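Okay, so chain A shows up in both of these, paired with chain B first and chain C after.
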Partner chain A sequence: MKANIVIVGAGISGVAIAYNLAKKGVKEIVVFDDNYLSGGATGRCGAGIRQQWGTKNNCILAKKSVEFFETAQEELGYPRDIEFKQEGYLVVATTKEEDIQFAKNVILQNSLGIPAKVLTPEEAQGIVPHLNLDIVTSATFCPTDGHLNPFKVTDAYYLAAKRLGVKFFYEEKVKEIIVKNKKIVKVVTDNYEVITNKVVNAAGGYAKEVGDMVGIDIPVYSENHEILVTEPIEKIQGPMVISFSKNIYCQQVPHGSFIMGRSDPDMPKGHNTDSSWHFLDEMAKTVVEILPPIGDLRVIRQWGGLYNLSPDRQPIISDVKELPGFYLACGFSGHGFMFAPMTGLLLSEIILGEKTTLDTTDLHIDRFKNSDFKDYEKSVV
Partner chain B sequence: MRIKEHPILKFEEKKKLSFFFDGKEVYGYEGDTVASALHALGVKVLSHSIELHRPRGFYCAIGNCSSCMMIVDGKPNVKTCVTQLLENMVVKTQVNKGDIYEAN
Partner chain C sequence: MNKKDVIICRCEDVTLEDLHNLLEEGYTSFEEIKRILRVGMGPCQGNTCGQLVQRELAKFTNTPINEIPTHKVRPLITGVKLKAIVEATKNES
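After this line comes the complex of A and B, so read on.
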């Protein structure tokens, strides 16, 4: 088999890149995944769409992605509802430091056209009536943030890309990428050998391992982040409620279930995605403290998925100077799902040598060559 | 229907418990679960399916199937097949996914 471009990974990033390239007229695009569509981090994510970030890059990526999601159903010609529910994110502050930091974040967000605002605890309770005011010092709210169904929007991208001629292979592990004279020549999988000189690394939790195949050391690592989902009830909560100091995000999805997650500071690096009783215990305590009535609900199931963390908690969307033809979309640090439309657009522009919609200097892998790269994203759970 | 005569086992009459089902005062017996008392009274519809709101009745009787979820003393989604009946309980048929604000 021959291909113009091989994309490793059929999560939201991989399918968004495939779709954007195909839309720009690129033929013979092949996507491999050793699992199935959205079988990795995409299908395991918290399904939140947030524009309230602490760094300029993340704000712009999120805002432009939201603009895409608002019309994605028509743009991608998807026959079903992708369940984009814009009822906001309520970012809860519980310390003085957070009050100050979040107010600064809102100034940055507003300067970039993101309609976030600072709220008093009482105003926050007006939006989420069951919020425990004893621990809230202030909050910020952006009404155009919200929820999106990861399975459906990935399926929408996939079907649109397929209609444009992209070929997808599942349960097909990329085993080797052969490089000769600093040029990619071939991709070897379980059942195929594909002659190509362009490879996109959109392998999510396995991005570092794909980089290792071609001798490119990507400064990312993977870490298990756990989530649980409750039984459904009638709607009581519009926005996602998130707190960095309390280490929680929790939203009620359109079906009525609550999805919630938190990170574990003692989680070892690696590719384990097991569920733990420890998470269940800590998660239950946290959610009951911040949103007490949720404690009455039964937990239906829990699962884990991989964050792929970069040193500054911002994505790597770039080419690689040491190996022309090798492209990166990784290190999303837990937010690859909500940035995917921009990932797809920017990487397609980089690959085709077009002028990029945004300045991508700060998304380039080379920013880590200076140990004092400037922005670090603190707004991460 | 309750078994009153049995060739081997004896069913001694237990204390009568009064409770409320959808506003009406009715009776069960000590040792009943809410669902067994309702079953004995001929109540076949306990809850409703989430998507199409079709009636759901007594099914697994061991707290697994979620067919018997009702509003008990204001609390929705109570598994009545594994909830012991108490005097003066207020039991209501649930028609939606459960409203936890009504409970508080």
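After this line comes the complex of A and C, so read on.
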């Protein structure tokens, strides 16, 4: 088989890149994934769409992605509902430091056209009545943030890309990428050998390992982040409630169930995605403290998925100077789903040598060559 | 009986017609179907739909039923209230 471009990974980033390239007229695009549709990090994510970030890059990526999501149903021509619910994110502060930081974040967000605002605890309770005011010092709210169904959006991009001629191979692991004279020549999988000189690394939790195949050291690592879901009930909560100091995000999805997650500071690096009783205990304690009535809901399931963390918790969307033809979309640090429309657009522009919609200097892998890279994103659970 | 009236998944109200439509579209593994129709994601965790979906997949793909992979079983075995979990953590220490 021959291909103009091989994409490794058919999660949300891979399918979005494939779709954007195909839409720009690129033929013979092949996508490999070693799992089934949405079997990796995308299908395990918290399904949140947020524009309230602490760094300029993340704010712009998120805002432009929301603009796409608002028209995605028609643009991708998807027959099922992608379940885009824009009822906001309520970012809860519980300390003086967070009050100050979040107010600064809102100024940055507003300067970039994101309609976030600072709220008093009482105003926050007006939006989420079951919020425990004893622990809230202030909050910020952006009404155009929200929820989106990761399975459906991935499926929508996948179907749209397929209609444009992209070939997808699931349960097909890339074993080797052959490089000769600093040029990619071939991709070898379980069942295929593909002649190509362009490879996109959109391998999510396995991005570092795909980089290692061609001798490019990508400064990312993977870490298990756990989530649980409750039984569905009638709608009682519009926005996602999130707190960095309390280490929780929790939303009621359109289906009616509550999805919630938190990170474990002692989680070892690696590819384990097991569920733990420790998470269940800590998650239950946290959610009952911040949203007490949720304690009456039964937990139905829990699972884990991989964050692929970069040193500054912002994505790497770039080419690689040391190996022309090798492209990166990785290190999303838990937010690859919500940035995917921009990932797809920017990387397709980079690959085709077009002028990029945004300045991508600060998304380039080379920013980590200096240890003093500028912004670190603190607004991460 | 009309396919519209045959319930495959009681938790998520999925009918045999929904399932057959998705098979026709080309989704032929339990995990893929689960992600679109939510079969196996409800309170019973696939105890009802699991074998029914497996049987339909076997028929559609003309594969022996014992070769159709089942879906991933996840904790918890049964629904437990979050506040009950909190209470239990207090008794542990």
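Everything that follows uses one rule, which is that the second predicted complex is superposed on the first by the 381 of 381 C-alpha atoms of A that agree within 3 Å, B and C clash if a C-alpha of one lies under 4 Å from a C-alpha of the other, contacts with A are read in each partner's own complex, and residues count from 1 in each chain.
Everything that follows uses one rule, which is that a contact is a pair of C-beta atoms (placed from the backbone, for glycine too) under 8 Å apart; a residue touches a chain by one contact, two chains touch by 3 or more.
A quick note: this is a predicted structure, and the numbers were derived from the prediction, not measured.
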_When chain B and chain C are modelled together on chain A, clash or fit_ = fit
*Touch check for A:Glu231: first (chain B), second (chain C), both, or neither?*
both
*When the two structures are overlaid on chain A, which partner does A:Asp296 contact: first (chain B), second (chain C), both, or neither?*
both
*asked:* In the overlaid three-chain picture, which partner chain does A:Gly256 touch, first (chain B) or second (chain C), both, or neither?
replied: first
*With the two structures laid over each other on chain A, which partner does A:Glu67 touch: chain B (first), chain C (second), both, or neither?*
neither
*Give the angle at the C-alpha centre of chain A formed by the C-alpha centres of chain B and chain C in the superposed arrangement, rounded to the nearest 10 degrees.*
30
*Which partner does A:Lys152 contact after superposing on A: first (chain B), second (chain C), both, neither?*
second
*Applying the touch criterion given at the start, work out whether A:Asp81 contacts chain B, chain C, both or neither, answering first, second, both or neither.*
neither
*Can A:Ser275 be said to touch chain B (first), chain C (second), both, or neither?*
second
*Just chain B (first), just chain C (second), both, or neither: which does A:Asp212 touch?*
neither
*Which partner, once the models are overlaid, touches more of chain A's residues, chain C or chain B?*
C
*Minimum distance between Cα atoms of chain B and chain C in the superposition (Å)*: 5
*Which chain A residues come up in both lists, the one for chain B and the one for chain C?*
231, 296-298
*Tell me, which parts of chain B touch chain A in their complex?*
50, 75-77, 96-101, 103-104
*Quick one: in the complex, what on chain A touches chain B?*
129, 231-234, 236, 256, 293, 296-298
_Help me check something: in the complex, which residues belonging to chain C touch chain A?_
27, 29, 31-32, 35-36, 38, 41-43, 45, 74-76, 79-83, 85-86, 88-89
*Flag every residue of chain A that touches chain C in the complex, lowest number first.*
36-39, 43, 80, 151-152, 155, 229-231, 255, 275, 280-281, 283-285, 287-288, 294-303
